[in-house]
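Take a look at the structures listed below.
In what follows, chain A forms one complex with chain B and a second complex with chain C.
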Partner chain A sequence: MKLKSGDSSNALKNPGRVMREQFGIRTTGEQYVIALAGNPNVGKSTVFNALTGLHQHTGNWPGKTVDNAQGNYSYRNKSFLLVDLPGTYSLLAHSVEEEIARDFICFGQPDAIIVVLDATSLERNLNLALQVMEISSKVIVCVNLIDEARKKKLSINFNELQKELGVPIIPTAARNGEGLQELQSAVYTMAVEQKKTWPKQVPYSEEVERAINALLPKINELDLARVVNPKWLALRLLDSDISFIETISRYAAAQKQTTVALQDQWGELTL
Partner chain B sequence: MTTLPVPLSTLKLGEKSNVIHLDVKGLLRRRILDLGIVPGTVLTCIGKAPAGDPIAYLVRNTVIALRSEDANQIYIDSKLNC
Partner chain C sequence: MSKLNPMDPFLKIYLDTESIRLSSGTPLADLVVTDIFAYTEKLAERVVLREDSIQTNWKDKIDKLIISRVFGYPLMLLLLGAVFWLTIAGANVPSEMLANLLFAFQDILTQWFQLIQAPAWLHGVLVLGMYRTLAWVIAVMLPPMAIFFPLFTFLEDLGYLPRVAFNLDNMFKKAKACGKQCLTMCMGFGCNAAGIVSARIIDSPRERLIAILTNNFVPCNGRFPTLIAISSIFVTSAFAFSQSLLAAGMITLLVLLGIAVTFAVSWSLSKTLLKGEPSSMVLELPPYRKPKIGAVFYRSIIDRTIFVLRRAIVVAAPAGALTWILANVYIGDVSVLAYTAGVLDPIAKAIGLDGFILMAFILGLPANEIVVPVLLMCYLATGQLTDFDSLFELKKVLLANGWTWLTAFNTMLFALLHWPCATTLLSMYKETGSKKWTFMGFIIPTAIAFTVCFIIAQVAYFLGLA
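Right, the complex of A and B next:
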């Protein structure tokens, strides 16, 4: 891997970015990476196409986006790389799709994550939103299919939902382009202006919280704790989620390797 | 009033009832919880495959088909919710 000197210093400051290459994602200079997550069949690919102007195949059957698809768009002179993740109900089970989505959210270091929800079945969709909010604070919730919800005479109090979740909520009907301006603006505010959010965290029982607190000091010593939410790591350990613990070790090793390689290269450049 | 838990598969076409508890372990339990089936959730039986398996249920506005062997590990209130 040949890097220009400018890239190398940036990469050193932010080793997390280097991890993206593990996912086959190459950003050019100042490009922001935005992940698109959501339950199956909520219109993620429609949102993706509407933002990027691409024509990725959309269709009403599950498992359509198995590997991730990528596309670019520009907004206010900034370039964004949108990554369309496979549809999942959860980040905790173990289908291939779920692991792709989970690993990207954990280790891909996106500058923002858009969680697309189906306005007609919010209750069921919020499970995934809460799980993503547990890992990352860079979450924007896009409530899609509001045209369908209107047809079904559902009315949603978006202000109340935003207050309750503590992250930006953007209603859209991607099919007609409704709300896309607002979505782009929210992504800009989060990725470029790095506006902080305070996503609602699910409280656990006193017993579990005590166990988390016992693990946290050890976890915080790890480099990984800067990349992945330490509390979430503690929960996975308590879950004895073996497959995820193996994945963590793999990424941690890869990250170390890239950092060392970059340091060597950067060392040569400064000599 | 006490509730009597019975397996989900006893629900007949068009009937609905509340989930009492899940006798499912491991990954399947995780999956079922993720699909929104938790104690208190209302399930409606809306269709059966010709052989009687799988069975389609309405869960929080979404249709989910379950194998009988899995549905048998989900316990619902014997008193119907209609």
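Right, the complex of A and C next:
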């Protein structure tokens, strides 16, 4: 693989970029990858289309038949690649869709993840947001369909929600274009300016926390902190999710190779 | 696991986790999901203000009751029993009226045949064979279906069925199967073939296969009339009202037994041929909606009742004719029917049935609806009773042919547990695409039906109860 010297510093900082290619994602130069996740039927595609306009093309995931839309948009002279993940209720991977969404969020190393929620049924939707926040801290929660919520006489305290979750909350009504400016701005702040968030974690019951704590030292021995959140891995282990264990083993190996390869190249460049 | 190198550190850690998971009382994976949901509920409660909260509260309270640990199961049983009771109590009178009407017409038909001096065999095949079976199918099946299906569709439209699935999820988990299997079973109450097709909603192939193989243990509409007819006759009580209650109780019990067998078979399959752990599922409980009565009737009568009845008639007509021919073609001085029944008799007796009953079940392979009519044809064509014109005579016919409580009970059990009908087997083949699994779908229920009936019959014989 040939890398331009300008890219290599960036790539070394974030070797996950190379892994994205396994998901059929090819970025051109300085392009930020933004993942779009959400339950089915929350207006995810509306958000996608509203942001990307007509510049979208569809691409297949390797080996999967599920279609995934990818599209570009520019904001403040930066280019963003938006990846529309399949609609899922959770990331516990009991279906092909959930597995794809989970693997991309985990290993695709997106620069930001927009989780689209349905404002009219926040309770059910929040569950996915919390699961994504367990994997990544680069989460923006987009509460869509606020126009419908208004019709149903629901009022949502967004400030309180932002305080509770610890990540940016953007209310939108994508159908009317409401809130899209704010969403783009939030994505910019997170992806380009790398502004930190402090996502709150689900407080698990004592028994689960005890099991997690028993596992964490063993997981830390594997030196995976850059690949995956150790606590999330512990949870998956407790879920006896063998498919995920296989996947992570594969990615960890791939990552090690890339890092070594890049370091070699970096060494040559500095010589 | 084969994809992992045995030296892989991940596999080691995975195996370490195994011991932690096993040492925990409640499954940790379930606990994780429960914790997340509890947290989101609390979060949502804090940030969402509902201005229409009074109405929602009211619906939430009903939901809390329906899916509560304490009241969930009793309510379900009560509702199931009530549906059966309404079906049995309501179907009695119209069934009898229909039977009187149709059998009266049989006499008129006979007169016409005599008028044109038609040969006896033609009258036999067409009137005593075909027409009489058809009359039976319609008189016995139409009224219960016309009551049961609208009630069932009503519950479906109300939004109750997904809540049943929710209640039973725990049990399915224990059987290492998917909670959505319950929805496929609900479809199976209508028609097992439809139930098997609906198993597509289950994502995991392992769990889908389990759902397909066990769907037969919920009695479909074709078998309900058999259960209803026999339990109405043999579960006796001095009072008409309590009689229908008892009969409904009997059918509820049988359905519960079918469900128990479903769990047992699902569990055994998960431990043997289809090893694996159950997957969690997210089931969206739809809001309660007021069903549109017109739509309920249209869908249940046109789409279900007429559809099933048509299928039954299409199969029953030739089967009736065939049975009559078999009963009236003699080899020596024994009819083919009596001869075949005689061959089957030893096996049938061992499981508490008789040769004719077993033969009726075999002839009922194309459609279970015709089992009782064919059985009656057999008895009427060979026994002394040749005249038969009322529904009340059914018991007399059966008793005259040596039926005891054991025969009745085991016939119902056999109807509940035996092999699926041809349409169901065909759906199994289409859905699994495998001859092997289709064969399993045939042999598992068959083996269970024979085993259960055999044990009950032998115990009853041994204790001198029958």
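Here are a few things to note about the model shown:
Keep this in mind: the second predicted complex is superposed on the first by the 227 of 271 C-alpha atoms of A that agree within 3 Å, B and C clash if a C-alpha of one lies under 4 Å from a C-alpha of the other, contacts with A are read in each partner's own complex, and residues count from 1 in each chain.
Note that contacts are C-beta pairs under 8 Å (C-beta built on N, C-alpha and C of every residue); 3 or more make two chains touch, one makes a residue touch a chain.
Since this is a predicted model, take the numbers as computed values, not measurements.
Applying the stated clash criterion after superposition on chain A shows that chain B and chain C collide. In the superposed model, A:Pro203 makes contact with chain C only, not with chain B. When chain B and chain C are set side by side, the one touching more residues of chain A is C. Judged by the touch definition given at the top, the superposed model places A:Leu92 against both chain B and chain C. Once the two complexes are overlaid on the shared chain, A:Leu130 sits against chain C while remaining clear of chain B. Look at A:Gln194: by the touch rule set out above, it reaches neither chain B nor chain C. Chain A uses residues 89-90, 92, 94, 123-124, 127 to touch chain B in one structure and chain C in the other. Contact residues on chain A toward chain B in their complex (touch as defined above): 89-90, 92-94, 120-121, 123-124, 127.
Considering their complex, residues 89-90, 92, 94-96, 122-124, 126-127, 130-131, 152-158, 160-161, 164-165, 202-205, 207-208, 211, 214-215, 218-219, 221-222, 235, 237-240, 242, 245-246, 248-249, 252 of chain A touch chain C. On the chain B side of its complex with chain A, the touching residues are 27, 30-31, 34-36, 59-62.
Against chain A, the residues of chain C that register as touching in their complex are 1, 3-4, 8-11, 13-14, 16-18, 20-21, 24, 26, 28-29, 31-37, 39-41, 43-52, 203-204, 277, 279-282, 284.
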